[in-house]
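Letters A, B, C and D name the chains as they come in the text, with residue numbers starting at 1 for each one.
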Amino acid sequence: MNLSQEQKKILVAQAIKVRLNAYAPYSNFAVGAAVLADNGEIYDGANVENAAYPTTMCAERAAIFKAVSDGERSMQALAVVTQKAGYPCGACRQVLSEFSQEAIIIVANDSGEILHETTLADLLPHSFGPEDLGKELESDTHG
Amino acid sequence: MNLSQEQKKILVAQAIKVRLNAYAPYSNFAVGAAVLADNGEIYDGANVENAAYPTTMCAERAAIFKAVSDGERSMQALAVVTQKAGYPCGACRQVLSEFSQEAIIIVANDSGEILHETTLADLLPHSFGPEDLGKELESDTHG
Amino acid sequence: MNLSQEQKKILVAQAIKVRLNAYAPYSNFAVGAAVLADNGEIYDGANVENAAYPTTMCAERAAIFKAVSDGERSMQALAVVTQKAGYPCGACRQVLSEFSQEAIIIVANDSGEILHETTLADLLPHSFGPEDLGKELESDTHG
Amino acid sequence: MNLSQEQKKILVAQAIKVRLNAYAPYSNFAVGAAVLADNGEIYDGANVENAAYPTTMCAERAAIFKAVSDGERSMQALAVVTQKAGYPCGACRQVLSEFSQEAIIIVANDSGEILHETTLADLLPHSFGPEDLGKELESDTHG
């Protein structure tokens, strides 16, 4: 699946905008993310920190959880914006892999420059998934 | 702070609605949650599971992350709906405590009956917070 | 269940010792913990941070995971040591509740003074547990 | 760095042994892991589940936390054993990357057959690390 330059710009702009709402008093490291779902809608998220660091949440996952809570089950692309254009962490890759192995990942800095473009499959090779559990999942009942 | 019966009903109805979008193929345990922010807006969330169980997310936190990503920093109330009206887990309590020690917690079943009503302070006494880190947080820059 | 003053001192001393191994380059907040299992053995843990804050781990849980990995399924007590004697976070309370609702919690500062003593039941009232999932767990097969 | 066949067998055997202690009543999916630290010591861990799925812990991380709590800061190799020889999840890769980008990863089934052998760098390309935070870490004070 391909994204147009225009679609990429829109995603990055949304990530830059939501990044202003990052709650990051512990790291002072603000992150914004935007997900393009298969139905064409965009869902955004910022990082949400906590005094107990392990209960902190990444921006990428906040965006994915919002999309899934809205009924989405497949994502075309995810854009993430930080000051220095860092890639998503391993846990965010894991969460996205449940839905979209082939999602395009766009990594931009806070000036909106896209410095990296890749796919989830490239960022999480040999991912751990439902088949590793040896389970047949019941059909997803979301309507 | 008090909620009217009407406000409680609206929150629970929103949690019941979003619960339909729960992605819970591993536990088959669907959860819906809705947060009432101080500005009067409602944010909802469903649980989002993962083959790697530790990267699963609870409905309550999905709702809180959505609110915070939208710029909210204080919550009046949180409603959670499950089949048997279970209370939020300890990690969800921890995440909410960063924002709203006095939030009202409403626990309902999937018929919409409110079986428990309490506050976060009652559910997480002696919470761990920024003061325990011995840090002065920089002022939150959200605009 | 009661602990002798001697047992408490031993637990706190172990938590102080393991705290020296805390890996906390992001928060500079070192934590040490020690768990007394039902069989009388002590298991310790330090906090282990990560550049991706959500994958950080607390000292209390590191100690509990060590105990459970060794076959333990019930804990008599948990001691946690920080500079200012902070209580365990909500997520650590949740993890301990799976095993020991009545565990004694000992909170000490880095001089070894026990400033608080309570129980898990007091720190996590109305905990979320297996019964809330509406499941009958298969018997635990640990030998 | 290379491991001898003998070292690999020892690691896998340790992972098989600790796997018997897995606490997995929700997934019925037992995992065992063993880490070989740079000093030659082996640390093991099993998965530890929780009714609140997000507070579950993987075997790989349980082993790493044990090693780090013992003062280790670099790992030569990690072996993981499951019924069908699944790779570590993204969050476990993230945790290991903080310490050892070049660690060897050994993936075996419950008969002890090594089905995959790779490195962390291959499993988590473009990892998110301290440099992405734009921070100079204070020197680690572990003695």
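Just a few scattered comments:
The rule is short, and it goes like this: a contact is a pair of C-beta atoms (placed from the backbone, for glycine too) under 8 Å apart; a residue touches a chain by one contact, two chains touch by 3 or more.
On a predicted model such as this, the values are computed, not experimentally measured, just so you know.
Between the chain pairs B-C and C-D, more C-beta pairs are in contact across C-D.
Which listed pair repeats B-D comes down to matching contact pairs by residue number; over half match for A-C among A-D, A-C or A-B.
Separating the centre of chain A from that of chain C, both taken as means of CA atoms, is a distance of 32 Å. Chain C has its Cα centroid 25 Å from the Cα centroid of chain B. Once the centre of each chain is set as its mean CA position, chain C and chain D turn out to be 21 Å apart.
Counting partner chains per residue, chain A shows two or more touched chains at residues 26-27, 49, 51-52, 55, 57, 61, 89-91, 94-95, 128, 132-133.
Under the stated contact rule, the graph of chain-to-chain touches is complete, every pair of chains being in contact. The touching residues of chain C, counted against chain B in their complex, run 27, 29, 82-84, 86-95, 97, 116, 118, 122-128, 132-134. Looking at the complex, you find that chain D touches chain B at residues 26-27, 49, 51-58, 89-91. Chain D meets chain C in the complex at residues 18, 20-23, 25-26, 28, 44-46, 48-52, 55, 57, 59, 61-66, 68-71, 73, 91, 94-95, 98, 128-130, 132-133, 135, 137-138, 140-143.
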